Amino acid sequence: MSGAYKPKVAVYKFSSCDGCQLSLLNLEDELLDLAGAVEIAYFLEATRAEQPGPYDIGIVEGSITTPHEEERITEIRRECKLLIALGTCATAGGIQALRNFTDADRLAENVYPHPEYLHYLTKATPISEHVQVDLEIWGCPVNKYMVLEAIAALLQNRKPNFPPYSVCMECKRRGAVCVLVSQGIPCLGPATQAGCGAICPANGRGCYGCFGPWPGANLESLAPALKDLERYPGEAMRLLRNFAGYAPAFRKAADSIKE
Amino acid sequence: MTALPHTAVNPDQLLYPYWAEITQIKPETEGVGSIWLRFEDPAIRESYRFLPGQFNMLYLPGYGEAAISISSDPQDTKGMVGHTIRFVGNVTKAISRLKAGDVIGLRGPFGSAWPMDEIEGRDVVIASGGIGLAPLRPAIYHILHNRQKYGKVLLIYGARTPKDLLYPYEYEQWRAGGIDVQITVDRADETWDGQVGVVPMLFYRFRLDHQKSVVLTCGPEIMIRFVIYEGLARRIPAERIYVSLERNMKCGQGSCGHCQIGPYFICKDGPVFRFDALEKFFNVEEY
Amino acid sequence: MLNNPTINSTISLPKTEFDTLLAALRELGYQTIGPRVRDESIIYTHIEKLSDLPQGYTSKQGPATFRLVKSNHRRYFDVIPGAQSWKQFLFPPRTHLFTVEKVERWDIQPNAEKPPRYAFIGVRGCELAAIEIQDRAFLRADFHDPVYRARREGLFILAVNCLHPAGTCFCASMGTGPKVQGGYDLCLTELEDTFLIEIGSELGRDVISRCQYEPASGFLQSAAAKGLERAAGDMGRHLSLDDLPSLLTDNLELEHWDEVGKRCLSCANCTQVCPTCFCWDATDHTDLLAHSTRRERVWDSCFNPQYSYVFGGNTRPTIKSRYRQWLTHKLGAWKEQYDTFGCTGCGRCITWCPVGIDLTEEIAALRKEAQA
């Protein structure tokens, strides 16, 4: 890797809480290296200075929830060579995709005195439903080291070294006690993509699947097993319909155990 | 299972690679090339030996390791080892971007070898497809060096198209050395006036003395299956059919577990097997 | 107080003297590791004194269930352990192998960390058998694993005879317990007021000679023997070995493989908690500009689809094929590879499977189909 050319990076925000962009800024120890390796050309969360496109790498946080966002993401795709969807809003719709399971208009009426001023889509959707995405980094929020690894991999022209297994692997490797077995807590770990380091189970909570469905998962078996563990009616379905609930595999599993 | 020849493995090689310089990169076919490596350490250059059919783990820091069979002449190493690589994975694609003078890591040689001593005096049928010729080329070189020790030697080699044939520039030399080289392609093009058809089909065209013949085969698993089927149908016993298998090899020493099939670690007990050792589960799907 | 304990003799160590024993081990340079209560379960970690141990606890175990139970008894070693096994110390889940720095050329720096010296306190029969099985995988005549060997050679083992097996235990079927079969420095049987300790090595003798111990009366010894006899009959599970390994290796195409493949999550928990599973992977971690690469070894599992990936696909693409690989290896091919089964009857894979797949039941079902 020669130091001659620094790829231009742009970071964009759609409907989201900014937490994933913050995890980029939280790369305190690595920011200097990062600034040496790439040129941050557009990143409003970090700096007001903007350089015009086109960009080599576009990093998109958030999901598409308004007609305006729908148009904007198409423009962004045009000005970025590579597009990375950052965080579970961008990869699966995020928590705002909970509206997809209900009537968005009714929600708006219940919350706002003048819903007629709102311009929203009835569904919150991931970036990949609108444009081609080259790499997805899941998580709510993302693991900042996975972001760094993704950029390193792009710079080095290789596949990012993302863990290809379930959260259970990380949970066991760190020696955490399985909350499902030892306390009967419903946990999505066996069906969830690793990457977080099993933070929730290691702190006594069930995994709520924010890193999205693990491609090797067997939700046909896990979903009914979680239902058997329910501490109140509908707990398993709500667990599946959470931050990554609009991801197809979780959606299907939640539907399969709906009352 | 009868033991096939091995070389002793240096136990430290579980973890640490030798460094070797790329002396030459030779494009072979679309997406396939050969790289020649020369060890940095003169002592290793001197002592490194391999047997036909063995493989090395090539290492590019940051990208990882890939198991690559050795395709050069075992008797004529001059401190250099040749590998023919299909550039398809994360590691091999990165290797394809290197140039002469670059340095990569190497662990090996690992695994079992073709039974070149044991099959002396026999007719040898080498059946190979695609990149599967690479681990057989050292066996071909060995036969050429020791031609009088073997009976009839027939090489049946096939590729998808004429452009995919490996080492076409050596066939004449092999023929001159006393090997009946039969080349076939699945699909001909305008340049091709040779045989068309898959490797196992070519078996019909040759008289094989089943009392005397051994089969060495390597290639796509589907081809291997049919070669074995044809060999057995021609009454060549399983004990005289040798196959080289490919699995996900990582450590090279039967430790990490990835390449297991039945009781075997392909990286240690294989990659070359006598077929009777595999017979029991070779046709079990997804095993 | 006797002056000269001998190897293979049994002495009685008052419970109050156990802290002296632990201190003696630390004086000899060992880190003392044993069971402790944490997060509603038992983990293996550093212990300083007897009171760190899970006194008064037992565990209730079944498929996909572990419950720590506080009982009225005052014993320290009655709780059958949780998911963790001693494997994590000898074959760590994550090991730094080396770092490669690129300056002018590649420069390799092996991990120079000094291997820790552990004293394991409370190794059960099934667990000691598991260590010996991993020895066969990592310390072969033609190859040794340097990380494992360094840790294994410095190891002190205080074993414990199991008097109260749990619901998923079947060590009696596997011949590994409840009485420890050897291979220890010291082996303890816990009675109400004292620990009976068999001395298994010169090192064990040395450690005991630093403590205030007493002779083991015939009464105490027969109490221990009776307890062990009762324990052997108290196994929660049973596995018949008569037709193994051929039942598995000769029946790769039974329909039951499909049935269990539907239930299995492929989450890899069974392999991670298994004290004999030895599969690993090595991965590189680089900095942004690839100047420095850290190569690490981590636990892997045959249940991960990536495990059997070759160019063009996965040789075991279905969960069924991966479950079959695991079980036919563990209780089948393992025998041919290492002249032992890869299972010691500890029951962890049953307890810690999130959907409670029970290999003793799966083997019974496979047997039924094979015999039909």
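All chains are identified by letter, namely A, B and C, in their written order; residue positions are counted from 1 within each chain.
Heads up, the rule we're going with is that a contact is a pair of C-beta atoms (placed from the backbone, for glycine too) under 8 Å apart; a residue touches a chain by one contact, two chains touch by 3 or more.
This one's a predicted model, so the numbers in the text were calculated from it and none came from an experiment.
Shared contact partners of chain B and chain C, listed by label: A. Of the two interfaces, A-B and A-C, the higher number of touching C-beta pairs belongs to A-C.
Between chain B and chain C the centroid-to-centroid distance comes to 40 Å (mean Cα coordinates, whole Å). Computed from the mean C-alpha positions, the centre of chain A lies at a distance of 44 Å from the centre of chain B. Chain C has its Cα centroid 37 Å from the Cα centroid of chain A. For chain B, residues that reach two or more other chains under the stated contact definition are 62-63.
In chain A, the positions touching at least two other chains are 156.
Residues of chain C in contact with at least two other chains: 283-284, 286, 290. Across the complex, chain A is touched by residues 62-63, 90, 93-94, 97 of chain B.
Here chain A touches chain C in the complex through residues 1, 3, 30, 33-34, 36-37, 148-149, 151-152, 155-156, 161, 164-166, 168-169, 172-184, 187, 189-191, 204, 215-218, 220-222, 225, going by the rule given at the top.
On the side of chain B, the complex with chain C involves touching residues 8-9, 11-12, 14-17, 19, 61-65, 86, 88-89, 103, 105, 246-248, 250-251, 253-258, 260, 262-263, 265, 280-281, 284-287. Per the touch definition, chain A reaches chain B in the complex via residues 156-159.
Taken together, the chain C residues at the contact with chain B in this complex read 97-98, 100, 102, 105-106, 108, 110, 137-138, 140, 142-146, 249, 252-253, 278-284, 286, 290, 293, 295, 300, 302, 307-311, 315-318, 320-321, 324-325, 329, 333, 336-337.
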